[in-house]
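Here come two complexes built around chain A, the first alongside chain B, the second alongside chain C.
Then we have the complex of A and B:
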């Protein structure tokens, strides 16, 4: 291998020294927000305190307050469960369905495989978010309809990934050996193929959580998700629209949280991919 | 080649039929009583019954589906409760604004992303490459609506350089409508001031879309270039003593064009999706804002129409891109046919 191609490979898959620990730290903090919001948030996320309306960041309210005098930091902490929670549900549900679908397609006969994959291809022909928008709007407002509509557009990516991996793995020596020993197809799939596929899926899931978070908050921002006063992040930004000209903190902090979270997950996903490639 | 084109056309048609089926399902089957749904929240029983007959909702489902499909084929996208006009009329009015925003953004996106990718691929792993990578990584995590509002905060509230939203100053008369593209129309009217005004209004929404696309796009183009750079023919070219510039532009770029085109097609899909959010934030009177304002008052036919129209747009883009592949890479032709 030439020197230049080695550099090229390294540049494509280089793990990012200092960034990875930072990303892990962000995820740890998010986990704490999800598990113990009551311990971390200094104020009630819902109760109104009109006297403290739209106060800039201070020692009592480090991220300032919103139009109802509520602590923006506390609302962000409690909101993690909704925004990140829904994003994780979407990605896990899509991955689960996609793995089953992709595995069946990869193991099935040529004709069925073809048909199943054409259905997957169809989904790549739609502008995904618009479709999700139409679905969510028709089902009605709520985080559950946001989750459902995004899962509907999300699973085909997993189906395609898994089916490709299954086809590749099916020809590998260890699978052929198992088949020669008379192991049943189901067992081969479960023990000798899926266990490898899962590692690939893990990478994708990690990265996708960040993207799903951005999508969830986007639909919430459009008014399809949670209702006020739920402290969902996208909804916070939607609510801040009337005030952010004078109250920058109301806009800046929820958005920064989304950005940090999404970047952290995609950094970790990249690191996982790099480790698998190494 | 003809066979390939035919295959792609059939496929495009299939995608459109699929979206029609999905939207039919969404509009007729998901709501428990579509007529009551269409009539609105405070409608009387007579109104609901009238609407039921008017829209043929009393007929059996397969018959409804057939007439729905025939209507779609004729360009009938239903009626908007909010504007009391047919959705196709509304769309015709709002579409040029969306197209103008999309076209301008996409041209800028292509130019910038290409230059950045070339810059990054020159020295993979170098300082410029690292900086571009970090920025694109953060860029993918920025929610587009938040980015738009942040730009508004700086360029409108703080610096007072650019307008907050809409396409043209309210107090001034817009140039006469010819193409629907404000930039073109103001030039046709021979008014540099109107051109400047519409350019100022376009700047922030377009910048929002461009920055958002750049993140993912540059990442993919860069990867394609670097992958191509490790090929043997590049080493040969280097060995022959060709200048790095010549190798990059004559050899690598030419070969990396196909994967970049694939990435670009995907970007188009994202752009069609994100433009809705951008229009909402910047009060840009396009089809995204139209659909948004409609579903805020529980008027859903515009949303469904938006899904159909944007899918049609995406299908056409995909078709054009498919036709471009053999042009930029002759090897593709044999695979396609």
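Then we have the complex of A and C:
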């Protein structure tokens, strides 16, 4: 792996001007949505109000209403917990498992390392959609089966990343020096290797939250994820398709939220990567 | 005798072929002395030093015996070797910046030596780390203990490394090229510090170097390695003042660069040290040796006594004609 070319690529991607502050603002707003939806959302996200169905954006319903008369903005606010929440759970669970797995593989003897990495290859080779269908078929549709199937295909990326870093780091002089002082392999791993790996993992986690969000909403959109009336973003878009000709707001606002969120996490990840490379 | 190395060899497998890097080396290190292993890169000096602490590369095969305080170090389980590193054998390396973990304060890293061996709890280890920093003559130990490696100077870092290596109170210190990365004034301070610590802490030091200046400064006894074999071994005075092996003599003259008049050519040794796998037959130094005769090409010189030193050479330099011969 050529470090310099990687550095160059990252340096090119460093967000310029106001992009990073804007991305941070988006994430701050999302955090507010997740933590205090009741304070922000003006209406109930679930209760039907058939008199108000498919109203265009106005002062009472800034993002308009859906076919059940529910406020789209409120549904988006409440939906953040589902869409982004599940994405975060997937990425954190994958990262946690992948770090442990990759670290063990990187420190293990050659034979065990080889075996563990072939298992990773197996998971890598599995198509996400097929796996999601299989999981949905066996444990039922819902966000939990989305989370499970995405986590299953997500962790191998972390396992590979961490194993590679561990292999690189464990030959570093400071690790050898620690070994020369009789520090145990576990402590070396914990103090002298993982502390570096974590920085690399942080970058990946931040970027991946955006990707995982897109994956979660995509699976919901395909009907494999959240069930009505959960205000999950992908499901909002799925439900909005029938009304696109007459109610553009119903499709556009959830779609824009997904795009903004994914872009914001991606930009912050790039900024972290650029700072690491600098 | 604290360390006894007998017929020690270490080598590697490469493409089905065995490459022997150190070949049948034997020597003893007495308690309390400074024993210097000197040689060019590729002579096997570092491999020998690392093997004493059980830190030879895992892919290497070894034979012979290395006994530290009457305990065999080769083929000893890793877990037991680990327990000895720190409390019994300390190591310092060439490059203190990369040998210190950049993300932890220096004091924590010194303390780690103690906590790793259960010699102290965290608070106690912190206190002892500061004492160790004082001991290696760092003027402001509290500040340095809280500093990260990049925040202190190269000399400070090397002192911190020494503090780390000695924190758990070893009796043997292996210093692998400890002064190579340092400039000349710091180098002198460091050697002086090592000499003082040796007295204060009753250390035995095995110093690995290619720098004749370092040897002259501190050595009690010297082992000269060439291409994985012993060229000469004996008291430092005898070897420095009157080298008998042509290789040692050549090393001495080439080290006298500073005393060579500007107009005169430098006394470099002709040719380069042979690489692993291409060691010549007979005496391994013969292609570069000004005294080589016919039998040097095919007959390996046995190790024999020659005055106060032992050496492996068919035609050693007689006491009557020091140095000159090596200039060819």
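One rule holds in what follows: the second predicted complex is superposed on the first by the 262 of 278 C-alpha atoms of A that agree within 3 Å, B and C clash if a C-alpha of one lies under 4 Å from a C-alpha of the other, contacts with A are read in each partner's own complex, and residues count from 1 in each chain.
The rule is short, and it goes like this: a residue touches a chain if its C-beta (ideal position, glycine included) is under 8 Å from a C-beta of that chain, and two chains touch if they have at least 3 such contacts.
It should be emphasised that the depicted structure is a prediction, and the values quoted were computed from it without experimental measurement.
Q: Of the two partner chains, chain B (first) and chain C (second), which one does A:47 touch, if any: first, second, both, or neither?
A: Touch status of A:47: no partner.
Q: Just to be sure I read the superposition right, which of the two partners does A:277 touch: chain B = first, chain C = second, or both, or neither?
A: neither
Q: Contact-wise, after the overlay, does A:195 reach chain B, chain C, both or neither (first, second, both, neither)?
A: In the superposition, A:195 touches chain C alone.
Q: With both complexes overlaid on chain A, does A:187 touch chain B (first), chain C (second), both or neither?
A: second
Q: Would you check which partner chain A:112 touches, where first means chain B only, second means chain C only, and both and neither mean what they say?
A: Neither partner.
Q: According to the contact criterion defined above, which of chain B and chain C contacts more residues of chain A?
A: Counted on chain A, the partner with more touching residues turns out to be B.
Q: State whether A:241 touches chain B only (first), chain C only (second), both chains, or neither.
A: Touch partner of A:241: chain B, not chain C.
Q: Looking at A:126 after the superposition, I want to know if it touches chain B, chain C, both of them or none. Which is it: first, second, both, neither?
A: first
Q: With the two structures laid over each other on chain A, which partner does A:255 touch: chain B (first), chain C (second), both, or neither?
A: So A:255 only meets chain B here.
Q: If I apply the document's touch criterion, which positions on chain A are contacted by chain B in one structure and by chain C in the other?
A: Of chain A, no residue contacts chain B in one complex and chain C in the other.
Q: Can you tell me which positions in chain C touch chain A when the two form their complex?
A: These residues of chain C touch chain A: 53, 55, 82-87, 90-91, 93, 95, 98-104, 112-113, 116-117, 161, 164-165, 168.
Q: Of all residues in chain B, which touch chain A in the complex?
A: Listed in rising order, the residues are 11-12, 14-15, 18-19, 22-23, 26-27, 30-31, 124-125, 129, 134, 137-138, 140-146, 149-150, 153, 156-157, 223, 226-227, 229-230, 232, 234-235, 238, 269-270, 272-274, 276-277, 280-281, 291-292, 295-296, 300, 303-304, 306-307, 310-311, 313-315, 318.
Q: Quick one: which bits of chain A touch chain B in the complex? Just the residue numbers, please.
A: Of all residues in chain A, those touching chain B are 2, 4-5, 7-12, 14, 19, 122, 125-131, 133-135, 137-139, 210-211, 214, 217-218, 221-224, 234, 237, 240-241, 244-245, 248, 251-252, 254-255, 258-263, 266-267.
Q: Touching residues of chain A toward chain C in the complex: what are they?
A: 172-174, 176-184, 187, 191-192, 195-196
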